[in-house]
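The same chain A turns up in both complexes below, where it pairs with chain B and then with chain C.
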Partner chain A sequence: MIETLPLSLLLLLVCSICSAKESFSERLVLSPNLDGTVTASFAFTTLLEGARPRDPAALAEEDDSQHYTLFPLALGQILRDNAITELHLTLNAGKWDYQNWGYPEEEGVGTGAELWAWMGEGAVQTADERWKNLRNALAGLFCASIGSLDEQRTTSPALTFQPEGDLPLSSTTHALRHGTLPSERVCTENLTPFLKLLPCKARSGIATLLNPHRLFDADWHGMGVHVRYLEGAGIEVRLAFQAVLNPVRYSGDKKRDWSMTSLFDRSIERSCPVASSSEIAVRVPPAGGAITEPAPLARHAGFAVYDVKHVDKPIDVGMRWPEETQFEYSLDAPQSALMIRRRLSGSDQYKGQLSVVLTNKAPHEVKTSYLETMPWLLQFYLHSLRVVCDGIPRDDLVSIVSYTPPVPHARPSLLQAVLTLPANSTVQLTMDVVKPFLRYTEHPPDAQRGWDLPPAVFVPLGANATGAARLRRVYTPVLLVDLATPDFSMPYNVIIMSCTLIALVFGGVFNLLTRKFVVVALAPAAPADT
Partner chain B sequence: MADAAAPAPPSPPVDLSRITFESTRNRRRIIASYWFIVILALPLWWRTTSIDRLSLPESRARVLAEKHLSSPVHVELRGSQEQLEHVHTLHHELARWISPVAEANGLSFTAGQGPHTRKAGPGSYNVVLENRQDAVVEGRSLHIGLNEPSAGQRVIDTVTKILVPHVSQTASEEHRVVKYSPRYRLAFSLLNEDASSGRAALSWDVREAVDTYLHGTFDRLSVLHNFTIESQVQYHAPLAFEPRAIHVADNDAHGLTPEDLTVFVNSAEWTLASSSSNDPVLHFVLFVPSSQHSPLYILDHEGQATTSDAFVLPQWGGILVLNSPPSHLTVSELAKTFHTFHRQLLTLLGVPDLPAGVQSRQAEAFTDWQLDALVRQRARQNFENSKDTLNSIVKLVHQIENMPVGEDVQGDVQDALDALDAALEAVPSSSTQALQRSAEALTLSSRAFFNPGMLALLYFPAEHKYAVYAPLFASVAAPLIAAIVREVIAWRKARRAARQPEARARAD
Partner chain C sequence: MPPRILRNILAKLKGRGDKNLTRIQRRRALADLAWRTYPRLQLLLFAIGYAWLLTIPSTLHGQRTYIDENALQPGQVNTYWNWADVHRADRYLEQLESMRDRNASSHETATFISNEFRKLGIPASTQDYAFSTTSGTVSGTNAYAVLSSPRASGTEAMVISASRLSLTGEGDGTLNLRGIATVLSLAAYLKGYSLWAKDLVFVVSDGYLDGMQAWISSYHGVTQGNLVAEPLQLSSGVIWTALNIDYPGHSFSHLGVFFEGLNGRLPNQDLINSFQVISRFTGGVPVLVYDHFDQSEFPDRVPDFVPKWLPQGMRRNEATQEYAYRAQNVMRHIGYQARGRASGVHGLLHQFRIDAITLFAVPAQGPHGFHAIGRVVESTLRTLNNLLERLHASFFFYLLVGPATFMKIGAFLPAPVLVGTAMLVGGMGAWAAARWARQGRAQGQAEKREEGRDVPAARWIERPRPVAPALSVIVYTHALGIALFCLCTWPGILAGGNIVATLLFASVALAAGGGSLLARAPAGSTQAPSWMILKSFNLCLASTVISVTSVLNFSLAATLAVFMGLPLSLSAPSRSAAARLTKFTLYALLALGWLLFVPGEAAQALRNWEVLRVWFAPFVCIVYTPLVLQAGVVCLLSP
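And now, the complex of A and B:
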């Protein structure tokens, strides 16, 4: 204690110096869900004060030297080398259950890898070249195969992916590049480089809880890197990790009680010395009956808040339901205001049908934008788009904003539309699709598994268009499409077969032309003696 | 029925030779035309399946291999009136002793005497004999005393060492020097072993410190290299081993044995590498041990703590251990650290030391003599390396017949040869220019050597190709060859048959 007191004073003093340039804060939100699971959302935010994204026009010139204290150098270099204004990378595994888990703290929950970036134009290198460099650099940094987010998966859906920060006001326009790779799996090899970007790694502070053994055993897990520019403040990088852990599954007695030790197998023993704020917020379920331990520092807006800036003894936050002997799963599924289901039907190797069913439980009309960024592996027949609302054809409910048809082997299709959902109704969209034939070399290893298709993204537009609250994206689960796969020994069979045929024909013709025919005169039979 | 069964009178045999394709001549023509097409198609087949191998300027590379860069160096001996005699004798001695050493190291050495006939500049130096004990270097002048009897030899030694310093370098000293690159990234890292255990340096004024302590050196070295600077701070940078517990003056301390130093860098936990460019990185690490391991000393081979707190990892960078730092390092507190980093940087870049007993009177970190020597040395190394690379490319292309040589490789090789020629041309007038040209040649030749296009067909050998085509070629070739053989046999038989009646007729 004697040693920690001057140390903490010292730290306060130091952080008044360091916060003039860079500041770091960490936050963990734990919220118990209706199905007994617990959502843990980690957010590690570093703000580089006063910094501006690099001017793309200055890319050809020599850059200033880069000095970082808290901001991750490896990421900073990538951002500056490609003059990226805003960047979002998410790597998720699992299917986010909006019904049971509610709307996530981090909204990018699409399965697989998703990368989108806003960058200024007007550089010597075009936005596409820098997008390519960015992909490859991030692929190297995070050990993920996002390098393969090539032109065949890159679109620019500016309607849905609006910048979360500000774009620097300058004469240059900004361009969006977006790509998803639904088949990407997130695992320990991605988490390790992620942790290395944190000032305190996983050794002190809230990040201690990021235990890969537990996180990758969760029902859902995903990580994200979000960089944005805030006018007047600076460049902010937010490293986020989100997991849905299942204490009922872990516990032997089928209770939903949890604590940090039971969820993460760790507790916070030391504080991160450079964090300017470090807090844990636990959402207290409104239904009651739950006891939060230890007693929180403060309570507000349904959250129990703990400060872990100064840790004297290990902190182990938990929640108990003392009156429950066993967790009972609720039988009637909770209903959120908007439910979305998307399916691909048809067992044909050529034709199929895409259908999206949206249920609006709200007592008022809801408008939502609808985005499909589909690789050319599935091609839409837009003329066959039908909208049925509660059994009645209502083609007026959909208005196509833009549609970019796919170019086979080159470009994905992009469909942006706005749907109107009447109050308390179910709207079904159907559209015929065709599955193209792939070239022999375009098939991935394990081709029989099929292709993962990216999720569709819906953004419910607020009732009042002027609403300051940002619009939130809703991701549908991914789809799997089965394309016609050849027998991969086929090319050799074809070679052998056609060679044999050619040789046969050639031999026949050649022989006919060059063979010497000889007439064999048969001696007439001797006349019979009569 | 009997009538019908009776054999018909034999029809006269068809005259087959009247059917056009049954005449021997036509048949031979048909076979010949098949072969004609096959032979016509051969070049096309060859052309479409052959690997693109452009010819490399081998003879030029071979001619260049014999050549070496040779920079002219002139030393002017001067002295006061009473030392003129010394000057005269020494001048001959200098030429006699230094020329062979200089020759072997790519210098063409000349010595002169007399008053200021030449202005000292790159490649031209003054040695001033004075009445003094020590030796002092200023600019490109060496002031040296000539009092002792053995002084003459001392002058010669000093001038030799200062002109060709790498002659007296040991192998381990040579190994420290990084490979030449026109641009380096200098990565300064402040690593706290464990910041949450207390006693940590949480921030540092690195930008100002680099500007204050290193900027002059960067400017002086700009002839040779450009530098990109980056820095970072890490708060948890654990060691991969446990330092040895020792006692220093009855206090508990920890020590790093010489073996520990070789594994000091914990690449698994420290993210030091910058991956954003291909420029080589030199790391400068200020390491703050955790409170458990503090103070941390570097031990000698006997296990005794040394006074040194820094060490150089050859070709990687420098490390400095800082025990119990303040939590914020200001520019003045970083003075000692950056002087060490400065020394380490010069060592890694190969800036030679002045010979023992010679002092510099300049404010800068190193004198023009040292810089010139380094420029000459680097130019020569680059020239030799680039030559070697070019010859290896030629050799490799000869050895591996499946290796394609594209236009870019050919162009790079030619440009590298041009740059080498330019370096040879520039070296008598300016070793700096020669260095630039040779650096260009080095970049171009290594780019040609690592051209990814050269690897393309290594994994698809010609045998594979033949195996794919064999089912077609074999089955088509068989009747073609059989037809020729048959025709040749038939022709020889016919000729023999034609000759035999003649011979018989003559015998009669």
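And now, the complex of A and C:
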């Protein structure tokens, strides 16, 4: 602390020289879940005060030089170069269990990689070109295969992905580009560049807890980069990391007690000197019986809050249930207000059926938007869309907002719909799908694995919902589809077989074309005709 | 310049004089040769084909099994399954045994199992189902649980299952309580690890095969007319592989592998090989094919499967014993595969492209128990967890003649194909023979005195070959087969006992015999005799059936080759009516004998069709029986 103080003073001095003021804050929310797990949500926010996204019309001109102290330069350059107004990148592993873990702090929890951006139009370079540049730049920055989010996976579902910040008014219209890559695996090679964007890296402050050995052993983990423009404030970058850790699994005695040392194998020993605020909030379960240690500075709205701006001795927050000898799972599965299951059924190589079952436990009607962004690998028969509510056909419950049919080998399909879920009901939506035939060059190297399909996204609408300020997205798990796959282990057999066929056909045709038919007189001494 | 000897041969082949003339002459000579030698060729093909079938169990064929998929890495992990887990399995077993002793209902047991899963923190549910068949309703309750793996997207899954009834005696009522206890204890144990890349689905299916059929159909959203099954409350991703645990006894000495699936489908051989390697090297448990003991383990004892009538010296001969051991495995395999039967619960999963096997703990006084089977299953699951793609590298067509010895398709497929070719040659010969006839015996004898070379072609007359009568007999017999199949599916027909079966046999045989009227040639016609045309079609059709079946289901093709190969080739009418009738009766017995001699087998095949959609019963009724009846009709027609 003592050594870092002059450094931070120096930084502050440098900061004040810069044109834009920057501020950095960090926050960790730890909340115990119903199934004994603990959700840890890290958020590192940097605000570039007074800054505005680059005007796309000025893209052709030389950009002003950028000086940042806290704001990540690598990311800032990408944003400026492509005139991005808003950007969201998430890299997640696992499927989020809404029933047990509740609604996440960071709402982008779809499996795999998801990238969406709002950008102004009117530049020399079209939005699609800049989207491509953005993808490739981010792929390089985060060591992820986001570069393959090409036209075959890019859509513009503006109903579901509304901007989280503001769009500059002066600019021309804004366009949305969105793509998901469900087969992306997230691991340490993605975390390292992520940590490099933080002002204190993982050396001090809350980021100390980002221990890859523990995070990548969690039940679920994901990281996100969120850039938005806030009118009147500036450009905000939020680097988020979320993990669901399972103390019951780690402990030998099957107890759900946890502490930072048991979860992350680390405690916070130093504060991050450049952070303007740095706090840890622990959600105290309402059921009681839990003891939070050490005693928190403040408690409000069910949270115990710790300030880690000034650290005198190592901070190790934890929670104990002294009356429990062993964690007991509840026999009844917890019920959330809206439960969604999506399945692809059918064992055929051609036809299948996509079914979504939504259960509304709420005592009132719920409207929800429904988004499917499907690569052309699975093609919908929209006329076969059927809705059954508690066994009764109710096609009136669905209204299609927009549908963009897929273009084989080129463009995905986009289906946006609004569903009405009556109170206390189960609505099943089914739709026939066909699996197209791929060109043999389109198969990936692991051809026998099948193709991962992106999650569907639901956004419960309506005033009589929980009254949250913003509508929140709900992701379904991803699917895997088996397409007809040639036996790639036998290319030579195939080549030999087809060559033989061609030779046979060619030989026959050639023979007939070149042969001259004449009458030949056989000598009487010829062998007897039998 | 080619050597002189070659030039001579070429010159001989090319002949002298006009090139085109010699070519035509050569062609005719070849056709002549084919015509003269085809009966011998047919006989030769038959002889090789049947001899090949007999050599399949010999040590001439076969090679060691090997792992083809590099990702599998079997037996490369440390297993942590330990005595605490064995103890937990014992506790589960106690509870299951107490439920058995107080005769708990199937629903109660399923609820208990699903609650135990939930206590472990694994979402679980039950599923009620009912099949309605001609022999009554089969109903029950399945219990299942889905363990979502940490950090996995849940798009792929592995199934660990145990049926309530063991496969002993094809579900004769032996309970598989230890299998269920193993699954429950494994669930508790496997949940403690974060390394699973695929979801783990635990299924405890009711009954022997029916429960799993209901569960797996519902899982894939497949509806079946006679099945009422509750939709599944929990689901996971695409199932790639499955292990079914069958542990009926108190302890076990060996682990047997059962692998045949419905309609003759086999799992990828890598699965069996991995299990074999793991069981032997990680678990320390020797592996058997089915529950057949390998004679090499007991060098001093003459195994039971070596025929008693062999001389003592031969019985003690190692080669004989090896042959008999392999023959036993091959026969058991053919018994399952030809009838399209699943050799265990795993076989139902193959229809949905899931590679699955049953691990059968062969009941014995010792030395192995929960500890060994737990380790073997854990390690096998770890190996399957390594898969990045479906199992596809190794063989799907093979004969497992020993636990670590197998035959590739190329080593056994030629046998039925050669028999099929022999029939084709015979059929085409009959077709050609139908065209040509000698012009009267007396005239022929007179001509015989002349020089053979100078016999004019005119002593052969060409006959028209009307195909309509023969085709109508074929269509008629196959229609009769469909009618027979529909009759069999009527409630109570096959259960009606000997009298009903005999009546059915008699009526179908009579109706088939009546079919001969369709091909009755008008008296004194100059057309080719219809029996020849019918025989030709019959042989060609049967040959096609055998050849096509051989690439789908070798065992069925081999069985057909044995039952149809020679018998169909030998069909010919006789002059006396009594001989004709006797021949026809023999063919009718070959075609329909199953009604009289193996009624239990027939009822079982029909039940398999109704519950599991095994197409053996319709295949026999609609393809096999009509083909043999056609041969019978051939014998009835006028020569």
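What we mean here is this: the second predicted complex is superposed on the first by the 462 of 530 C-alpha atoms of A that agree within 3 Å, B and C clash if a C-alpha of one lies under 4 Å from a C-alpha of the other, contacts with A are read in each partner's own complex, and residues count from 1 in each chain.
Criterion: contacts are C-beta pairs under 8 Å (C-beta built on N, C-alpha and C of every residue); 3 or more make two chains touch, one makes a residue touch a chain.
This one's a predicted model, so the numbers in the text were calculated from it and none came from an experiment.
J.: Check whether A:L513 is in contact with chain B, with chain C, with both or with neither, and answer first, second, both or neither.
T.: Touch partner of A:L513: chain B, not chain C.
J.: Is A:K201 contacted by the first partner chain B, the second partner chain C, both or neither?
T.: In the superposition, A:K201 contacts chain B only.
J.: Counting only touches as set out at the top, which of chain B and chain C does A:P422 meet: first, second, both, neither?
T.: Once the two structures are laid over each other on A, A:P422 reaches no partner at all.
J.: Looking at A:D97, would you say it contacts chain B, chain C, both, or neither? Reply first, second, both or neither.
T.: second
J.: One more residue to check, A:S345. First (chain B), second (chain C), both or neither?
T.: second
J.: Considering only the touch criterion stated at the top, classify A:S271 as touching first (chain B), second (chain C), both, or neither.
T.: Touch status of A:S271: first partner only.
J.: Regarding the shared-chain residue A:L522, is it in contact with chain B (first), chain C (second), both, or neither?
T.: A:L522 contacts both chain B and chain C.
J.: Determine, under the contact definition given at the top, whether A:G36 touches first (chain B), second (chain C), both, or neither.
T.: second
J.: Looking at the overlay, does A:A74 come into contact with chain B only (first), chain C only (second), both, or neither?
T.: The answer is first: A:A74 touches chain B but not chain C.
J.: Residues on chain A in contact with chain B in one complex and with chain C in the other?
T.: On chain A, the residues that contact chain B in one structure and chain C in the other are 518, 522, 525.
J.: Which of the residues in chain C come into contact with chain A in the complex?
T.: 18, 20-21, 24-25, 28-29, 31-32, 35-36, 115, 118-121, 123, 148, 150-156, 191-192, 194, 220-222, 235, 237-238, 351-353, 388-390, 392-393, 436, 453, 455, 457, 460
J.: Which of the residues in chain B end up touching chain A in this complex?
T.: Touch list, chain B to chain A: 7, 9-10, 13-14, 16, 19, 21-22, 27, 30-31, 34, 194-196, 198, 200, 202-203, 206-207, 210, 228-236, 238, 269, 271, 274-277, 327-328, 468-469, 471-472, 475-476, 479-480, 483.
J.: Contact residues on chain A for chain B in the complex?
T.: For chain A paired with chain B, touching residues are 3-4, 7, 10-11, 13-15, 17-18, 63, 65-70, 73-74, 77-78, 81, 137, 140-141, 193, 196-197, 199-201, 203-204, 270-274, 492, 495-496, 499-500, 502-503, 506-507, 510-511, 513-514, 516-519, 521-522, 524-525.
J.: Touching residues of chain A toward chain C in the complex: what are they?
T.: Answer in residue numbers: 35-36, 93-95, 97, 111-112, 182, 216-221, 246, 248-249, 328-329, 331, 333, 341, 343, 345-347, 353, 355, 446-450, 452, 477-480, 482, 487, 489, 518, 520, 522-523, 525-530.
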